Amino acid sequence: MTTFPRRPSLKAMPQETLFAIPGTPVFVGQRRSEQARLDLFLYDAEQVFEITAATLADCRDARSRQGVLWINVSAVHAIDLLEALGQEFALHPLTVEDIANTAHRPKWEEFPAYGFLAMKMVHRSEGGRGVDVEHVSVILGDGFVLSFLEDDGDVFETVRQRIRGGAGRVRRLGADYLAFCLMDAVVDHYFLAIESIGEWVEHFEDRLLSNAMQVEIGGLYRFKRELLEVRRAVWPLREVLSAINRSESPLLLRHNQAFWRDLYDHAVQVMDMVDNARESLASMHDTYLSSLSNRMNEVMKMLTIISTIFIPLTFIAGIYGMNFKFMPELEWRYGYYFVLAVMVCIAAMLVAYFRRQRWL
Amino acid sequence: MTTFPRRPSLKAMPQETLFAIPGTPVFVGQRRSEQARLDLFLYDAEQVFEITAATLADCRDARSRQGVLWINVSAVHAIDLLEALGQEFALHPLTVEDIANTAHRPKWEEFPAYGFLAMKMVHRSEGGRGVDVEHVSVILGDGFVLSFLEDDGDVFETVRQRIRGGAGRVRRLGADYLAFCLMDAVVDHYFLAIESIGEWVEHFEDRLLSNAMQVEIGGLYRFKRELLEVRRAVWPLREVLSAINRSESPLLLRHNQAFWRDLYDHAVQVMDMVDNARESLASMHDTYLSSLSNRMNEVMKMLTIISTIFIPLTFIAGIYGMNFKFMPELEWRYGYYFVLAVMVCIAAMLVAYFRRQRWL
Amino acid sequence: MTTFPRRPSLKAMPQETLFAIPGTPVFVGQRRSEQARLDLFLYDAEQVFEITAATLADCRDARSRQGVLWINVSAVHAIDLLEALGQEFALHPLTVEDIANTAHRPKWEEFPAYGFLAMKMVHRSEGGRGVDVEHVSVILGDGFVLSFLEDDGDVFETVRQRIRGGAGRVRRLGADYLAFCLMDAVVDHYFLAIESIGEWVEHFEDRLLSNAMQVEIGGLYRFKRELLEVRRAVWPLREVLSAINRSESPLLLRHNQAFWRDLYDHAVQVMDMVDNARESLASMHDTYLSSLSNRMNEVMKMLTIISTIFIPLTFIAGIYGMNFKFMPELEWRYGYYFVLAVMVCIAAMLVAYFRRQRWL
Amino acid sequence: MTTFPRRPSLKAMPQETLFAIPGTPVFVGQRRSEQARLDLFLYDAEQVFEITAATLADCRDARSRQGVLWINVSAVHAIDLLEALGQEFALHPLTVEDIANTAHRPKWEEFPAYGFLAMKMVHRSEGGRGVDVEHVSVILGDGFVLSFLEDDGDVFETVRQRIRGGAGRVRRLGADYLAFCLMDAVVDHYFLAIESIGEWVEHFEDRLLSNAMQVEIGGLYRFKRELLEVRRAVWPLREVLSAINRSESPLLLRHNQAFWRDLYDHAVQVMDMVDNARESLASMHDTYLSSLSNRMNEVMKMLTIISTIFIPLTFIAGIYGMNFKFMPELEWRYGYYFVLAVMVCIAAMLVAYFRRQRWL
Amino acid sequence: MTTFPRRPSLKAMPQETLFAIPGTPVFVGQRRSEQARLDLFLYDAEQVFEITAATLADCRDARSRQGVLWINVSAVHAIDLLEALGQEFALHPLTVEDIANTAHRPKWEEFPAYGFLAMKMVHRSEGGRGVDVEHVSVILGDGFVLSFLEDDGDVFETVRQRIRGGAGRVRRLGADYLAFCLMDAVVDHYFLAIESIGEWVEHFEDRLLSNAMQVEIGGLYRFKRELLEVRRAVWPLREVLSAINRSESPLLLRHNQAFWRDLYDHAVQVMDMVDNARESLASMHDTYLSSLSNRMNEVMKMLTIISTIFIPLTFIAGIYGMNFKFMPELEWRYGYYFVLAVMVCIAAMLVAYFRRQRWL
């Protein structure tokens, strides 16, 4: 799995893709696994068939049978495989193009025979620094679900276990509930990613409030960018889920509607978290700048007090350091003590002045 | 009762919850009371039955009788109890999950047999510093109301007293009026919390306008965050109440509509207050920064005036402190007085210059 | 008449009110006049009856007669009177509560038998400093108008004179035209309040542009807050008037619609004025900060030029002020003049450098 | 023609107007021409009648004839004339009031017998500095158009010439096309005003990028205000034209709709230009502030380098300038050279330090 | 091809154009090619006719035949040619005006017989610095497409090749698919332009994070302006495509709808990219300012530490440099060493103080 590029959206579309004929699938991104793989599940309330690393023939065969069919395609760079699947399941060429284009925005599009859903996975990246964004596509058809990932797909492992073990409702409810479970697994990962960022924010905030000077402002900048990436991945999801909730497609069964509504609530909650983190960050930035100004003020006051007291005194000392022949004060018996007294007076007056100005 | 965690939304969902099967209730948060408790009221215009620390059997029994049934559940961490109640009152598993998930957003959701309302209580925290946020759920069914709190629930004490004493309309009007009363009690607490913050703002503002230098900027930051927490708790309520007002559910009686509209007005008023406080705070922050700049300007002017006057004079004194053999001025009879005069002239000219520049 | 409290919304609801039974009128605010008073008008195109300081019996009596009935209630703190009037004119308890609650937001609410309108009066306060905000309620019923003020009500004096004198359309058109006249009088007062603020802004702006240093930043802050108070009073009015314009209530006659539309235009104009003043103020604040930075720059440049020129020269003078036995330069015939020449050269070079840097 | 007052909206409504009976026309503003004048056109595809300085009798006479009648009223301060025309053409009293009130917002209002359009002309003011805003009203009736200006009206000269010469479509198409032509002439003037401001912006920008220090920040402020005035005049026009486009009034003929749509596009383009200029300005302000900070940084670095190098050296010179009896170094043969060498070393080390810090 | 003027919108409409009769086409802009040229394609699924540099007669002739007709007009400054084409294809005069007005906003307008689409091409300009914006118009009629460019039009070269070679669907699907292909080519160029800007941003960011001092703030300003130009070109496209998607014009065939939806997705993606780049830039600007402040703080601390340590010491040296006759310390045997020791103590105390303040 590779790291999400720094400003992916700006470089997302290589030139050769741009001028391709519309509807030609072109893989955009970096290969995250060597070998494309099909994993096939066929199940109903009573039984489950599972074929790991299935062939296209297995898919065709499974399609003709009873039950809910789920084919998970790992690694979308295999354009040929996508096109073959597209023909088998009668997908529109633009849909196949969108599956392969890993820079595509999240969306929900209804075709007469199926619904197409594109979304983004957000992982914590290995080093604990930065986030990985992965393109996930789900096709919900009549009795079948196709899911497409950029990598090996442990995202859906919990769903697989529930199907195998018969836990929860997934075996009893239809294909749309399966699609819901897949999206739910993706949304659950958002919480993890945000929590990871949140810990960092909290750490940063503690450092900021204890000693603003030791905070490295570049870190704040990098963190803002990460949050922006998560936001970009999550933000369109709200609209997507809202569209699904309003949809009147017969593929989405009435009695499963509460689940989609619940997922919508979760997506909104994720957005809230991201926005809160953003607001915290903006507020921290303001506080940082204020502390900086404040600190500068302290430093300047220090300098000014010292300078303002000693510069005049040094001047007086300079006067009596002059080598003029005729300087009567120099001859006075107590001239030295008198000058010292004058200096102490001036210093005392200046200190009193600073006290009155509340600088001291 | 524990303090509201600092950035709850970011850490709200522990990992074990995340990958649970949808519809599985998992308690999220910190236990605020040791013992879960059911308090049961059954009343109509003529009579009231009250059972403190009721059992599930009491509930089942009371359900079969005439009148409005109100069961208040203190401490939602008792998952088993929630599930038993959920089965008794035919609640959807997702509803039970939302009741237990104290990190859930405020919402209003209509199911065929009942309406589910989630909202947030905002308390002043004990130390007078910070706010506590508590998850409150209310189920409005046909002839019954279930309310769920995280703690012992003195929030609803005024409602209980009105039911017992027969004061007001609560005994005459139905279950939806009771639900209204419970929400009304919650909204009334918002006013208290905001007033408490308001006093702090006023105090801060007085300090700021009298002497900006003595204000601790970290306080402004902490206060912004508190206000953000209140806002997060209150903001979705507006939408929730608007949904209730537009609802055509038969559970909400036509002739009680004016009360819900009134509650909506109150929620809008709370939002106005929060937004005003936020604007005040932002404006204070600007003023603080301006004062800081202003102060810095004063300090710098002081330094510059002193330095600009004395540095040239000290230089002249330095000239005549040199030990060259042949320095004719040193031999002059009135050399010393002449140099002093030159120094006074230079100082006077500089002071005049600063006067013209309005620095003095 | 008392001054509008500084942050009224934050402290608006005293605790005893908060937990009152909904629909219980509680007076919120400060008494602005000692004695509550009813002023009664009964008129049609031909004749006018007027009773100053009327009794409830007068009202009841007048209601049974032909013509438009207008009762103006001064001083809403007389809860008993409000309740008696409420029963007489069949007002909903929540309406009576809203009339007494002087912290209530402006709104328009239609009940089957009447329309309820709450709005805010904005006065220039006596000292010419700050604004007073007063709660005004108007009930528009079938053939009658009730108006409620916090004080003696010279706001409506122009309307009274028009009724008495038969000037304008007020005697010919119905109760809704009277309600329009009352609102129109209130909106006209907004223009006065904003003009008063506008003069202050203009004065402030002149001072700012002539010499930013002499501006007291606290004034800008206080003024922002005043504007915010006016805005809070006026802003909801737009929505209120828009609701009245869209209303299909039979109380609002078709052929008077142009007047309400006109009032809506005025409210929008007031909002425009307030927003312009706010933008002017924000822009002034920016300009103020820029001038401050600019000024600081000037001061710093001054300091730097003086220091940079004289510090090296003073150092040279210091060198030859040392008392070493063997310092050959000191013995030179023209050592002194040579050193002076070197100093002049250094100073000239530095001045040239500052010229090239455009600091001078 | 007088200059647009600085903050007209705040002072727009003198007190005597405010409390007038609604529907009483009161002239608001400054008289821009001494003599009110009516200019009358009556034309159809074949012929044109034109009466300059027409009387009311001419108008009445012309109304009874065939063709499109256009009466242009210069100088709206002639209240009597306005009222007479209002009665002649059956205008609503509120319309006459809005024509005379030169502070009124742009709007489109449909009455059963005519449509009323208020808008603002924006001129470059004579001195090339500031903008003049003029109130323009147009009444579109069945077969007639009335236009009202504050001054002599060369704005419409191009339209007059087209009518006289028969150029374009104006003689063939009806009264609504004439109204369109009048608005089009007004909108075309906006482009001129904005271009004039644009030149100023460009000039300012060049100065800013070449040397930010020489820019006078007050100019930026004045310019922001001018742009705000234009924006205020133009902004509501969009809404107005959108209302005309959606209008189903029989006065607006179907086949002229493309023209109105075109005008709407132009208004949007004007708004785009204004908003671009505003964004440019905001961005310039940021750049100005950044340059200021940057410059300050340069100045401070200069000061710090000079001070940091010479202050310690001067201290050393001061040491050996002391007059103690027993200071062994002073007796050393090469003490002087040694101290000079130490000073050079210290200076070199400091310069090396500043190099490493990239200050030099 | 000329460079896009710096603030084109402000100067876009020369005065002679402004007061032209509406519907008179006037070329606005700079001629980008000497010779206007018509390129004609006539094709169906079986065959293709292509005439380069066609005459009007060719167009008329081709119109009467079967198949999809595409005429591409290079260089829109040939007003006569535009008007002749306009008459041939029955275009509304305002449409012809909009084609010639290269400053026109992107829009989609439906006329009974055709749809008119205006949009903007964005090129990377030759020097790699700045962007060129070109006006592109497309007329979609029944069986024909007219496209108008400002230059020679290699933008559409890929489409031409696809028609000639029969690749893709373009030969099989109708005129609306051709119009889609033309727009698609334009939108694909946006990605190139943004990628080019993106590279610049990334370069800038690297420089900023490594050493903020070396960044030239003028570059940030220039870049913001470029992005604003792209945004202005792209932003209205979203609305345009949304209008096309909602359109029920019979010219847009049902089964091609998925392509238009796809194009809308791309336009949204372009906007996302532009907005991300803007946010990155804003965030960079903040970071830049923070670094500046931070740096200033460092510089000031340096100055303050050095000054605060040495100014008092220099003062002490100055004291004993005075030439008073009677200064007992000067006579002390170890006076010199004692003073040196005092100086070291003072310096040590100050260093300790700075350590405690965390300045060192």
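Order as written gives the chain letters A, B, C, D and E; numbering starts at 1 within each chain.
Methods note: contacts are C-beta pairs under 8 Å (C-beta built on N, C-alpha and C of every residue); 3 or more make two chains touch, one makes a residue touch a chain.
No experiment lies behind these values; they were computed from the predicted model shown.
Engineer: Supply the minimal count of touching-chain steps required to go from subunit A to subunit C.
Structural biologist: Steps on the shortest route: 2.
Engineer: Tell me, which chains sit next to both subunit D and subunit E?
Structural biologist: none
Engineer: Listed by label, which chains are in contact with subunit C and with subunit D?
Structural biologist: Output, common partners of subunit C and subunit D: nil, no chain qualifies.
Engineer: In terms of residue numbering, is the interface formed by subunit A and subunit B classified as same (over half shared) or different (under half shared)?
Structural biologist: different
Engineer: Could you work out how far subunit A has to rotate to sit on subunit E, using CA atoms and steps of 5 degrees?
Structural biologist: 70
Engineer: For subunit A and subunit D, what's the span in angstrom between their mean Cα positions?
Structural biologist: Chain centroid spacing, subunit A to subunit D, equals 42 Å.
Engineer: What's the distance between the Cα centroids of subunit B and subunit C, rounded to whole Å?
Structural biologist: 26
Engineer: For subunit B, write out the residues touching at least two other chains, lowest number first.
Structural biologist: Only 293, 296, 300, 303, 307, 311, 314, 318, 321-323, 327 qualify.
Engineer: Counting only chain pairs that touch, give me the topology of the graph as line, ring, star, complete or other.
Structural biologist: Shape of the chain contacts: a ring, since each chain touches exactly two and the loop closes.
Engineer: By the touch definition, the chains form a closed loop. What is the full order round it when you set off from subunit C toward subunit D?
Structural biologist: C, D, E, A, B
Engineer: Hey, which residues of subunit B end up touching subunit A in the complex?
Structural biologist: For this pair, the touching residues of subunit B are 6-7, 9-13, 15, 18-19, 21-24, 92, 94, 97-98, 103-105, 107, 109, 111, 211, 213, 217-218, 220-221, 224-225, 228, 232, 285, 288-289, 292-293, 295-296, 299-300, 302-303, 306-307, 310-311, 313-314, 317-318, 320-323, 327, 329-336, 339-340.
Engineer: For the complex, give me every residue of subunit C touching subunit D.
Structural biologist: It comes out as residues 158, 162, 167-169, 180-181, 184-185, 188, 191-192, 194-195, 197-199, 201-202, 209, 258-259, 261-262, 265, 268-269, 272-273, 276-277, 279-280, 283-284, 286-287, 290-291, 293-294, 296-297, 300-301, 303-304, 307-308, 311-312, 314-315, 318-319, 321-327, 358-359.
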